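Two complexes are shown next, each including subunit A; its partner changes from subunit B in the first to subunit C in the second.
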Partner chain A sequence: MAVIADKSLGNKKAGRKKWLNLWPALFVGPHLLLFVIFFLVPSVFGIYISFTDWDLFTAPAFVGFDNYKTILFDQDSSFHSQFYTGLENTFLFVLFAVPVCVVVPLFIAVALSAKPKWNRMFQSLFYLPSLFAISAVMIIWQFLLSVSYGPLANYFNISTNMLDNQPNAWIALVIVTVWWTIGGNMVIYLAALNGVPKDLMEAADLDGAGAVSKFIKVTLPSIKYQILFTTVMTTIAQFNVYGQPLMLTGGGPTDSTHVLLMYIQENAFGSGFSIAGISAAMAIMLGLCIMVVSAIQFYLLRDKD
Partner chain B sequence: MKKTNKTKIIAFFFLLVMSVLWLFPILWGVFTSFKSEEEITAAAASFLPIHWTMSNYSELLIDNASSPVVKWFTNSLIIAVSHTVLVLIVVSLAAYGYTRLKFKGRDLLFGLLLASMMFPSVVNLIPLYSIMDKLGWVNNFLAVIVPGAAGVFNIFLVRQFVLGIPKTFDESAKMDGANEFQIFHLIILPLIRPVLTVVALFSFTGAWNDFLWPSIVLNDIDKLPITPGLQLLQGQYMTYPGIGTAGALIALVPTFLLYLFAQKYFMQSMSLSSGVKG
Partner chain C sequence: MKKWNLLVVLALMAVLVLSACGKDSESASGGNNKEILLWSGTTGPDGDLIKKNIDEYNATNPEFKVKIVAMEGSVYSNKLATVTRSGKGVPDIALIASESVSTYQAQDMLEPWDKYIDGTEVKAENYIEEAWNVGEADGERYGLPATMGSWVMYYNKDLVNKYAPGAVDDGIVTYEEIDNAGEAAKADGIYAYGFSWPMQNFNNLYLQMGGQFSGNGKPTIDNDTAAATIQKFKDYRDQGYMNKNGEDVNKLFNNGKVIFLPEGTWMLSQMSKITDFEWGETFTPQWDATNIIQGSGADQFAMFKSKERSEEKIKGIVDFITWLQGNQLEWIKSGANPTALGMLDNDEYVDMPQSFLLKTEEARSAVKIITDPGSSYIFTEIDNSAWDMIQGKTDIKDGLKKIQQTVNDKMKQ
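Showing the complex of A and B:
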């Protein structure tokens, strides 16, 4: 904003030009104003809050690194155990969900790009769930997996509850996540596969390469950037996991799927007394993890160049 | 030729199996929502309802004070439409500004905006609530309509489109005495309509599907949009699969209809965004 204001002041003498220089403020100004109020200020303020004892409503008092010391090192504090439980569970979810969410849509896209019968219809179907609201998806799946009402018990005679024991709870969360999110990555791969040079494929055919070796030697190298792109985006998305464990497992059994974002939400906005300062410190740590992971992955991407 | 046929057949059967897995939860949900509770709890429940009933839907849609689904649905419509309109205005203006106007530091400024997209949004959650509190927007629709319009990605997307429009178009208009707003309005805006359609569709579905933020900043039950509202509904109808699935399906209707009529735009946008970055 300052840049624009200076510019229009500086040109005031220039008469006609003064008019021209109001245009940037008119076009870029509205977004910039929103960006400052709803992105820039909260980002800076969020970092500051993590160094205070803020409770959302009274004035925050500066406490230095106390919040970080508590969540990172204070063995007696429940926030310490919450932080490590939440962080561990978030990492586990990322570890389980990301490979599946990257590979399953890849297989589907490869099959689609062979242009079999009903090709368009299949594609539409696989994309559809990614437009569904998470809470609606979780309600349907919660009943679907239920021992009392679901088809698993009714048709397949499975009496094990998928949601109240491990590793079933993780398996259920990963299945639901793949079902819900496959569409975006699938479309990215489809576009990439369309760009694989036909002559490369034909040359491989002439060499008598089988489908598998063609996939590994021709297809995969041609779309490696898109695969890295989807891996980065999927990892960032899964670090923010919240709705699936909240509504499907409730964080259970015994907090084994209680992810960090759930603790952040509960401590800041839950029913009890708000500990927004601690929550903000947890949020910063989660944000750091996300930034580190994306930095590593982007570095790898550059390395393979 | 024989070889490609074999590949096609294998691909077809693989996709057929996968599509059954993908379709099953949706169909099961739809059929369950039309079953009576007795039918659902019966030991050998059939896949299709034996007696189709609307009772689960009427339970939710007629005078339900603890899960006011009709109210939630209306709230969601108001929020998602307002948000979409706001985004379209802000984004198209800014995209024009960052391509066609010349001002000091323009590209640096845009570069900084792009870099801000790397910043993890989870950090903003708590301070943004405080800003809503200061603005008096807690429990106000503005809190879920306005902040999302601060995003940068859509500007980036539309900017790419504007860059592809030849400058000669603007120049001839300028010769005729058009000012910047007239060029934007009469020349650029009609040409970027396809990409604005994509932005509109994603803004609408994004606002409709938003879950965590509205559940934090709107806590009056009558102010909730339907997506966070369903969390309350889930708690209330924990042991009523018919009503639960009916509520979920009501929430899916608008996005499903949009998809039905504008599928190609949804598909396009994903390849747009990856093509640029990948």
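Showing the complex of A and C:
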């Protein structure tokens, strides 16, 4: 009797479990659907297009690895120089921007976590630029840096176009990017800093550690996973830089800020016939570079224990 | 109870997904058989003027009314590509740039107009010759002229009287006259020449110097004439007669700091807001006053291939275009010029600043529209590289060689 009762109870439990398992799928489902439609399918299609000659209007013509050979090895082709120029400029931008986009928000978060006066107001002010669209940000900075009527040119008597020479063009792009993206990383670091165990800090105080020592030996190790996450995500984001050089420097001076995504867009959607195959090949190569760099970062910043 | 909750959630999700798959009725054709769907890449105040013109046509109660859908440039060309590939939602007519006619025709995207306009008033005799000619490709007609936008020159009358007296008396300003005004103007902190859009400034002077955009059917830009053209602007910049890169030359002109500003007829609405000084509009500066060349573009009505377009509707489209020949006043208030000869005697048009471009036979024959193969690639590369060459950051010959290489590679694809 007891066995039969146990068995029926087991069946009821199994039935309930069957219904419960669908709920997580329902919550994940919409995002999964959007991921498949707007990321997975276009990515696979993009890989296919990179092996074709396609003008967007007529049917793609399969050309094998020709596009990759052209951009990687054909030194007589302008697409080859576009690819390497664009990739070099993109790497330079990542090299300049990522450390600043990690360190500046971190220091701001450390300052705000000390809860100074009006810290909530400062928190909002630092986060505000992240809410602006890229085009609004660029218009603001175009006005600020304008040699005709910008306040910087007028108050500091600057008659040369800062965006028209190096290294000022790079400096301007990095400053604009940091100003725009401070908020995202700052919020993550604030949350992380709030989670640093207070007893560790007290123990460090008792051992006579100064502020810098505590920051390096207690705070940083406690928030290293958040730093790893933001470093990887910031690197990926800066590899996809497009709007800043497009609207601020136009890729100049002398193509020195002409990043790879700009060449990809010009070839695929610029004037005349679309050269979507070459663009797709460049985009795939850029994606592979991002994957390799992210993997290296994960390896270097991994928990060695 | 949980089963019912699950069913409700599933039903809600289905509604959301299905509603997102709904047909975009505004930009799709075929949904309304008595409506001509016209796509345009002109937005903003100029787009509003076009719509106003179309509303006037619809008020005449035609059999087929026209509905215009305007969208921003890059969205426009991408959407045309998408609908043409799918064959669904193709507009009945679309406004395209003159240099795009041969590009789209080469991709077999367009329907020819010939049999539909045969015996109607839509014929060569009723249009500006150059605007009519650019609508033809491979012996067939794929574009019908709409309006013409031109590169002209605005000038500050007070500054002309002071630094270049008499330069505009004959309606033609030469580069020599600008050179003569340069030094005196520079001493007072005034620029003799305003360099705004590199491609347009380059194209006009290049053509005036005898340059060609193609040779033997292939695009050409790496030549001595192109080098001389860039050199001229480099000289202006080095001498201080021209604005520097990064300066807002339109603002400088508005503030009375530029004598001569080559710009487009589409800037008319901006110029009309100037109240601090008297300004005028004339031909783009000329290299040779006896051989006027005036760079222009003539937008064309084109039919992209579609199975949903009936013969009756095409007849309605031709009726609309015929009506426009004498009724384009609202549209051309944007600063554009009409392409139909029937508008040239309109009293209100004659008083518009841009009407001088078509007033005389000499002016009409000066119109030059560039449709050479690969020219759009050349224009893009000139825009990207002109300032580097003008400022001496890139050697002019090296820069032109690089542009030629890029254009050749793009044409090969």
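Note that in this section the second predicted complex is superposed on the first by the 259 of 305 C-alpha atoms of A that agree within 3 Å, B and C clash if a C-alpha of one lies under 4 Å from a C-alpha of the other, contacts with A are read in each partner's own complex, and residues count from 1 in each chain.
Simple rule for what comes next: a residue touches a chain if its C-beta (ideal position, glycine included) is under 8 Å from a C-beta of that chain, and two chains touch if they have at least 3 such contacts.
Keep in mind the model is a prediction, meaning the values are calculated, not measured.
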Three-chain arrangement built on subunit A, subunit B and subunit C clash or fit: clash
First, second, both or neither for A:Pro253, with subunit B first and subunit C second: second
Comparison of subunit B and subunit C by subunit A residues contacted: B
Subunit B versus subunit C as contact partner of A:Leu128, first or second or both or neither: first
First, second, both or neither for A:Leu163, with subunit B first and subunit C second: second
First, second, both or neither for A:Phe79, with subunit B first and subunit C second: second
A:Phe229 touches, of subunit B and subunit C: first, second, both or neither? first
First (subunit B), second (subunit C), both or neither touched by A:Ile139: first
Contacts of A:Pro30 with subunit B and subunit C, given as first, second, both or neither: both
Partner chain in contact with A:Asp55 - subunit B first, subunit C second, else both or neither: second
Touching partner for A:Phe269 - first (subunit B), second (subunit C), both, neither: both
Clashing subunit B stretch [against subunit C; choices 58-66, 76-84, 94-102 or 256-264]: 58-66
Doubly contacted residues of subunit A, that is, touched by subunit B and again by subunit C: 23, 26, 30, 56-57, 146, 148-149, 269
Complex contacts: residues of subunit C adjacent to subunit A: 2-3, 6, 9-10, 13, 16-17, 74, 77-78, 81, 84-85, 103-104, 107-109, 244-248, 251-252, 374, 376-377, 379-380, 384, 387-388, 391, 393-394, 402, 405-406, 408-410, 413
Residues of subunit B that touch subunit A when the two form their complex: 3-4, 7-12, 14-16, 18-19, 21-23, 25-26, 28-29, 32, 40-41, 43-45, 47, 89-91, 93-94, 96-98, 101, 103-106, 109, 113, 116, 118-131, 133, 146-147, 149-150, 152, 155, 180-181, 184, 205, 208-209, 211-212, 216, 226-231, 233-234, 239, 241, 244-245, 247-249, 251-252, 255-256, 258-259, 263, 266-267, 270-271, 274-275, 277-278
Footprint of subunit B on subunit A - complex, ascending: 3-4, 6-7, 20-21, 23-24, 26-28, 30-32, 34-35, 37-43, 45-47, 49, 56-57, 107-108, 110-112, 114-118, 122-129, 131-144, 146, 148-149, 151, 154, 179, 182-184, 187-188, 190-192, 205, 211, 225-226, 228-230, 236, 240, 242-243, 246-247, 261, 264-265, 268-269, 276, 279-280, 283-284, 286-287, 290-291, 294
Interfacial residue positions of subunit A with respect to subunit C in the complex: 19, 22-23, 26, 29-30, 33, 53, 55-58, 77-79, 146-149, 160-161, 163-164, 250-255, 266-267, 269-275, 277-278
